[in-house]
Amino acid sequence: MLSFNCDYVAGAHPEVLKKLVETNMEFLEGYGEDIYCKSAQDKIKKACKCENADIYFLTGGTQANSVIISSLLNSYEGVISADTGHINGHEAGAIEYTGHKVITLPNYDGKIYADEIENYLKMFYSNDSHSHMVFPGMVYISYPTEYGTLYSKNELEKISEICMTYKIPFFIDGARLGYGLMSKQSDLTLPDIAKLCDVFYIGGTKVGALCGEAIVFTRNNTPKHFLTKIKQHGALLAKGRLLGVQFDALFSNNLYFDISKHAIEMAEKLIHILNEKGYRFFIKSPTNQQFVILDNKKMNELRKNVSFCFWEKYDEDHSVVRFATSWSTKEEDIESLKSFL
Amino acid sequence: MLSFNCDYVAGAHPEVLKKLVETNMEFLEGYGEDIYCKSAQDKIKKACKCENADIYFLTGGTQANSVIISSLLNSYEGVISADTGHINGHEAGAIEYTGHKVITLPNYDGKIYADEIENYLKMFYSNDSHSHMVFPGMVYISYPTEYGTLYSKNELEKISEICMTYKIPFFIDGARLGYGLMSKQSDLTLPDIAKLCDVFYIGGTKVGALCGEAIVFTRNNTPKHFLTKIKQHGALLAKGRLLGVQFDALFSNNLYFDISKHAIEMAEKLIHILNEKGYRFFIKSPTNQQFVILDNKKMNELRKNVSFCFWEKYDEDHSVVRFATSWSTKEEDIESLKSFL
Amino acid sequence: MLSFNCDYVAGAHPEVLKKLVETNMEFLEGYGEDIYCKSAQDKIKKACKCENADIYFLTGGTQANSVIISSLLNSYEGVISADTGHINGHEAGAIEYTGHKVITLPNYDGKIYADEIENYLKMFYSNDSHSHMVFPGMVYISYPTEYGTLYSKNELEKISEICMTYKIPFFIDGARLGYGLMSKQSDLTLPDIAKLCDVFYIGGTKVGALCGEAIVFTRNNTPKHFLTKIKQHGALLAKGRLLGVQFDALFSNNLYFDISKHAIEMAEKLIHILNEKGYRFFIKSPTNQQFVILDNKKMNELRKNVSFCFWEKYDEDHSVVRFATSWSTKEEDIESLKSFL
Amino acid sequence: MLSFNCDYVAGAHPEVLKKLVETNMEFLEGYGEDIYCKSAQDKIKKACKCENADIYFLTGGTQANSVIISSLLNSYEGVISADTGHINGHEAGAIEYTGHKVITLPNYDGKIYADEIENYLKMFYSNDSHSHMVFPGMVYISYPTEYGTLYSKNELEKISEICMTYKIPFFIDGARLGYGLMSKQSDLTLPDIAKLCDVFYIGGTKVGALCGEAIVFTRNNTPKHFLTKIKQHGALLAKGRLLGVQFDALFSNNLYFDISKHAIEMAEKLIHILNEKGYRFFIKSPTNQQFVILDNKKMNELRKNVSFCFWEKYDEDHSVVRFATSWSTKEEDIESLKSFL
């Protein structure tokens, strides 16, 4: 069975695993105070070209979103997000569970735009009864988005500006950050990301690690007693080394970027084949997730040999499905897929 | 200054106040265990023609919504509401503060329809990854809606049916219930309301009381240890008599309905005048709230003599404003308003 | 039946009720923006001799505690309280419901002492792993305490000092504040209270009002967007006048203090009679609550004519019961009670 | 530097790591649906001799406590625990963060006893105003306790009985379960644990895994939509395999028990040496944690060569310190330690 179901089908990248094995019997400090966490933090700081970065490691994306958002918001505030934002639809209400509203704006291919954010903020503050409403206390976007699309540098600069004007943090969910940055369509670098937002995270779970996301507060703006908040969320690993070692490997020898680039190349080959074979795309994604409209009959047939992800109903006879490549996708997998398409 | 600002400008209806005065020096049980609470509960039960009703008194609408919704939902559930629902926009995130998502559907003049609710529920349960999403655990509507519009009996029956099919409670926010039921356009009675939903409340704050909403669980379906939940929300009055006495008065001699009817009559007169004078309505409301589009110049001029509520911007030169009548609106107020319009 | 059950058996003091009646038909602003709220705020400010006081009105004690504590604490903080503190035992977990721990210290006749608070804080910060613990973020006491006992000025000064040293707010629950200040044993005035703590409230529910507590932030230290927090808790009354008018009456003509003094005089008479008749006191209380040890047989007999409050089991044959006086206790009630004792 | 600081100083047991390496490039289902999770669940079920066990994997202890307790409690309930319970003191208020009170009973060497639990429950339900209090909805203990002590089978049976009588779940925190069961002083087996309680977890983080705790609901009593609750807490790993593979290894070839036994043997050697050298024990612990009273001078000297854990001040001149052995402690480490003591 070919697997294009998602980007977390395999374990860790071999280099990452190797480092876990090599360091396994060392006796290290707990709770993220070990030398590998420190080393990984240094390497990430350098990769971000961000002197004022504070870096923390958590195990997964929903956890990172929940801890970051609830730590940055005041209790009377909510977070602005696209209605298609992961925090709005696919995290089981984790944000609301911490007491905060997700304030949704309509998405355009998964994205929200600076002018609509600004309109919302203006409208909010001009409303006489806004003290009876949830204060917009943060802007959340995903890069790439949940539809695999990308913001341009200019688009992010504009959002960044508005956030600064309204003094609310700008947070970028980078669960698939590598696949975004390595897309040929991206005009952004990791240092750009660090410069434009107040906090973001570098996804490991979907990009080479067994688990782990590296949270980056970009302006020494870690919320007070953040470690205690992490503990309170049940998100503090006793063996923080598990995350430190993995990110130390991912940020050695350009590994994180190389393996991300590989996934993009595989996606490009896939796009080429799909185009060649006349498939219709639901959305144009320049990253590792490809959304295709399939005839239901074709879909069911294909399922026999290929695992992919049903996304949503398109019409009575068609469905939207997702094919995802990742660092672990091999060229021969793409070739095999071609034969089934 | 004429006051059409809202429906809570005056104190209590004189009959309500009279009863508070008469009973003031009686020594009564605390926490809603007094004879007037019991008497009010009996009278409301009768008015609802609902043998299985359990009745509780809380002080206000947001409090009632927060206590009811958080008590009925499981922690993995959210509440379905119109995007214009009071709980979604004007309660400062009170529902999210208790850990639950407000799941919004688009409104049509403030209403949501059974078929769209059903579609949402079907879509939810057919989604492969719905266990990563917030379960729809309740349907919330307001009667009348936040725009003063009314559901028909048939519309509520259909919503009721779907809720039964999906085994989720149907909750009606009746902050202005009297003004809805007494509208000429209403084809519903209080017993109908009690029959159609699982829980609702009868608004007192806006209909003759100083404060107070009467919660009605219609099928002996009070959540376990509801009193403790009320206490936990800081919503349990030591002198529960304050609420009991007021509702006892409101449900004596048809008072609640009579004073609601009066407000509707005043609204009708107002509509007549507005029509006569050629004003444009933003929305057609058959209840005590009237939404009118005013030229900004006219609006500012009118403000000198009349207090009303700015609702929202209509376009560069026009605004939507609200005039509200209530039990305390007098005919001469309407006449005076006429002279200024 | 004589009623010494609690201090909220009657309605409002006649002067308070009179003012509600007089102002009833005035058309006033909602949500606490009316002239009576403003007037009451001014009068309370003066009575507190506290230029920097910010004043808000809420309906009850548990609500006040929940809103104040959750608004002042950071999410990683808890509140220090006596284990007998009302917030710890008798508010259905309202504080924990907002996400915060009640950190308990052992009580001495209902009180906690500065040196033990200091020890706790020292111990906490000297603990290597305190970042895995709940930060002590506030000190809560009740004046008078839940056992009717009183702190001396000196005792409060010491607590105040420690709170300043550790930069955590000092909060005084004054649900029965009047009965504390008017006790002959009290060496404190209202201005003293305002000077010593960061926030406190003046109880109305148990001292002459139908409902209502006046929150006083003593150093213009109202938490940001406090009104929104109040709304979020479902604690914002549409007809804020209900609270404003009552406190306006209570703080006119020394009423609050006079009626409190009356309750104390009644309590003194009661103590005298109990002593005369050879009853044993469980605790020496100089305020309006008296805790007496009764033989169970005697207790059951007394119940036929007098309502009082069973407090706790003393031993197999004896019980601790509470007699409470209040502004509404009459001298003839005390005389009648005497005949039954 | 010798390391007796804690039981999570090393990575994974070599057998566990080996299995992670072997399975690394297999393409597996996400979110705990993979074959290794299933295999581990089967093996644990067998080891527990518990047909009705439902098994879930989470990453750490605080997370497990938070997810389990908040999923089992109703919103008006709290959890009974020893005041020394991990959830009460060392989890940064994670339980309160989910809205629930930790109801503490005094500990005896870290334990609570059935009769005191029963007394509490009796007292609670006999209290007239218990509806104003937090309902005791669960009993939490740790095996071994936070002081390394053990409950006897008889003691647990009695607690179990009371929980059944009062129909509240009995939950055992087994973060160090292996070290408890393998203690010579233990008269309990894993099947005994499964039989006696409603839910417990088998600690992996401290017993051979990189991370991971196996939650066991012993009577097919998994709370409804538990996966959604896990997701809502940010506790659902995309690569659930990380936990499944590790527990699959730990429950193959008796590994979990063998490595636990090794730690106990190392602890026994340590106790022997400490006794021989005349050290005073703070508490008698039959498990892998040893609490010793050291002269401060000696303590500071020892620190130069040995890492151990400062526990608490004993008196001006002495401190309580903890030495912990684990699966990774070697005999030569004990020998080296001996030379420094």
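Descriptive notes on the structure:
Here the chain labels run A, B, C and D in written order, and each chain numbers its own residues starting at 1.
Heads up, the rule we're going with is that contacts are C-beta pairs under 8 Å (C-beta built on N, C-alpha and C of every residue); 3 or more make two chains touch, one makes a residue touch a chain.
Note that the structure is predicted; figures quoted are calculated from it, not measured.
Set against one another, C-D and A-C show the most C-beta pairs in contact at C-D. Summarising the inter-chain layout, the chain whose CA centre lies farthest from the centre of subunit C is A. Note on chain placement: the centre of subunit A and the centre of subunit D lie 33 Å apart, centres being C-alpha means. Separating the centre of subunit C from that of subunit D, both taken as means of CA atoms, is a distance of 42 Å.
Per-chain Cα centroids separate subunit A from subunit C by 50 Å.
In subunit D, the residues touching two or more other chains are 75-76, 91-93, 97, 99, 131-133, 228-229, 231-232, 236. Taken as a contact graph, with one node per protein chain and an edge wherever two chains touch, the assembly is complete, since every chain touches every other chain. Residues 1, 3, 6, 8-12, 14, 17, 20-21, 23-28, 30, 59-67, 91-94, 97, 205-206, 210-211, 228-229, 231-239, 241-242, 328 of subunit A are the ones touching subunit D in the complex.
Taken together, the subunit C residues at the contact with subunit D in this complex read 75-76, 78, 89-93, 96-102, 104, 128-129, 131-134, 310. Here subunit D touches subunit B in the complex through residues 70-71, 74-76, 99, 131-133, 135, 224-225, 227-229, 231-232, 236, going by the rule given at the top.
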